[in-house]
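Going by the order they are written in, the chains are A, B and C; count residues from 1 in each one.
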Amino acid sequence: MSSSEALLCAGLVRRYGHRTALDGVDLRVERGETVVLTGANGAGKTTLLRVLATVLRPTSGRVVVEGHALPAAARAARPLVGYAGHEPLVYPALTARENLDLYAALFGVEPDAVPRALDRVGLAPRGTDRVSEFSRGMLQRLSLARATLHRPQVLLLDEPSSGLDAGGSALLDELLAETGRTVVIATHDPERFDAAARRLLIDAGRVSG
Amino acid sequence: MSGSGRTFRALLRKDIVLELRSRELVPAMSAFVLATFVLFRFGLGGAHLAGGTRAAVGLFWVGMVFMATLGLMRTFAAERESRLWDGILSAPIDRAWVWAARTCATLAFLVVVQVAALPVFWLLFLQDGPSPSFWVLIAALVLADLGLAALGALVAGLASAVRAREVLLPVLYLPFSIPLVLVAVSLTVHTIPPQTSGFGVAQRLGFLALYDTLFGLLGWALFEYVLED
Amino acid sequence: MSRANGARIDRASAAAATAAALMTLALVLVVFYVPTDVGDGYRQRIFYFHVPIAITTYALFGWGALNAARFLWKGDPSLDLRSYVPMHLGTIFGTLTLITGSIWAHASWGTWWDWSSTELNTFLIIFLFYCAYFMLRFSVEPGEKRARYSAVYAILGVGLIPVSVLAVHLGQDIIHPIVFTRHGANMDNSMLFTFLVNLAAMLSLAYAMYEVEMRGKRLDERLAQIRRLAGGAA
């Protein structure tokens, strides 16, 4: 086993009650690699990303994120991972600024990073508006700003292209073009992403190349 | 340490701001307490208070526990509704801070409601008869609120990830409130004149403080186990 | 059936046989051997059942909570069963405690429930807690999450026990003479012997029930596992 891999799953199983969502996933993602994960609804894409994002414990099997084995060393892995879920993971009743301030505090990021992040995703003029007033595209951009606020080495994106407006689409491409970062994208629309990225199919809780 | 302080402040601020904007809890809890008091007043015999102020004090404490239970049902509602837990859980924080912030927010809501509820209680039940010691009642309330909030944040965390949570929360929570109510009632009732001698107010306040400490420690230690699916 | 399973069956059978023998001996002692209480008369004999059952209940709850804490510490799934089964049995013994306590209250004080009895009231609070434990457990799908949630609530219960004992004592105006001090200090040797045999009988009965129930649960689990494997192959 080399130290070049960012993510490693071996025989990863995750069950919800009697239902098996991940049924022995074997996966190895090198540092700096971009992986596009496709599969039908309910195939296990979101579950796999949530396990890698350390928010869902594996039922059994081995999961290593940047050298930290889950779930025991999850806390050491968390600063290194950015997770943009299917939902934007922001409080609708708070403003964009307040949401990012909260996450900055949780991730130990200096407060100055928040206006910069808002600026980068083009939301600086709307920073003091409540998120409940945002369009789907603005929410997606805010979600990307939130997930990358702490400059993670590993980025996990669940359906990042759905509902994205033109500005957000350019932003996503810009994010993906940054070198050195490991990215796993779960999507229905693999053609949207760089043809050079490795494509994986997840079906009935198993990953195949 | 300053990192933890910042985490705690940010989470507490979030809980308070969410309540200030949604006005979901405090108005509902206040209206509930008011309705409960009126209900109790008629239940205790309308014009002539059956059982006197002693019975009323007992009902006051039961009302406080029910009010707290009602408030707890919406605890973590924002986090549940749009999977926001995923955002909080992916952060490299000690999850006990989430519990601590929620405990302090709940405590603040309880105190706000009680500031409004106490005068109403006095008007409805105590103005014709002997009253319990005001300062003992305040001290008992603060200590009891702390225990209710500390335990409530933990139990609400348990119930929030479970089927039929609105039904389950009172079932999980009320057994723990029985010792608290038992001691708080005996404490308050005994300060109503004529007082019986040899009754330990300090001992009973000490019990409430012990209750807070015990469930505070348990909440702090156990909360990290209740969030993940 | 594997040899390991055979060993477990033997342990369960041995425990059941011991319990049966001790229960018979205990019954004989209570009915024929122990002298009739001077003050309370024949009906006082329910003491020899009630108190050992209550102690057994506490022992089961303690054992269940200990395994719950070990589960959170180690994450070994078998510890969840070893926590749940004592809790389940503890609730059965707890019901018996409430019933025998109520009969005793009726025999001694003429009421079916004595609200000034600290012992009965403490037990009532704890009993309500364990009913809630089952409600929680049946509201979560089987698996690691259910084990974790049950464990957290079981540990909270350990905090509730001393708190309830204290609260019930503090909440009483006149503390009723507690049974054990009434008899404990001046129990003569024949009474003490009968009491201890009854205690041993109840504890061994609880242990036998534990082994039998664990065997059943393990079989259930293996069956579920086999079903999963069969489903996966199909």
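One rule holds for everything that comes next: a contact is a pair of C-beta atoms (placed from the backbone, for glycine too) under 8 Å apart; a residue touches a chain by one contact, two chains touch by 3 or more.
Being a predicted model, the structure only gives us computed values, none of them experimental.
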Identify the chain whose mean C-alpha position lies nearest to the mean of all protein C-alpha atoms shown. B
Chain pair, A-B or A-C, that carries the greater number of C-beta contacts: A-B
Between chain B and chain C, what distance separates the C-alpha centroids? Give it in angstrom. 32
Compute the distance, rounded to whole Å, between the mean C-alpha positions of chain A and chain B. 38
Quick one: report the Å distance separating chain A from chain C, using the average Cα coordinate of each chain. 48
I need the residues of chain A touching at least two other chains; which ones are they? 16, 57
Of all residues in chain B, the ones touching two or more other chains: 228-229
Please output the residues of chain B touching chain C within their complex, sorted ascending. 151, 154, 158, 161-164, 168, 171-172, 174-176, 178-180, 182-183, 185-186, 196, 203-204, 207, 210-211, 214-215, 218, 222, 225-226, 228-229
Spell out the residues on chain A that touch chain C in their complex, using ranges where they run on. 15-18, 20, 23, 57, 59
Residue ranges of chain C in contact with chain A within the complex: 141-144, 224, 228, 232
Under the definition above, what is the set of chain B residues touching chain A in their complex? 3, 6-7, 9-11, 13-14, 17-18, 21-22, 78, 82-93, 228-229
Mind listing the chain A positions that touch chain B in their complex? 16, 50, 53-57, 75-76, 78-79, 81, 83, 85-94, 98, 101-103, 105-108, 130, 146
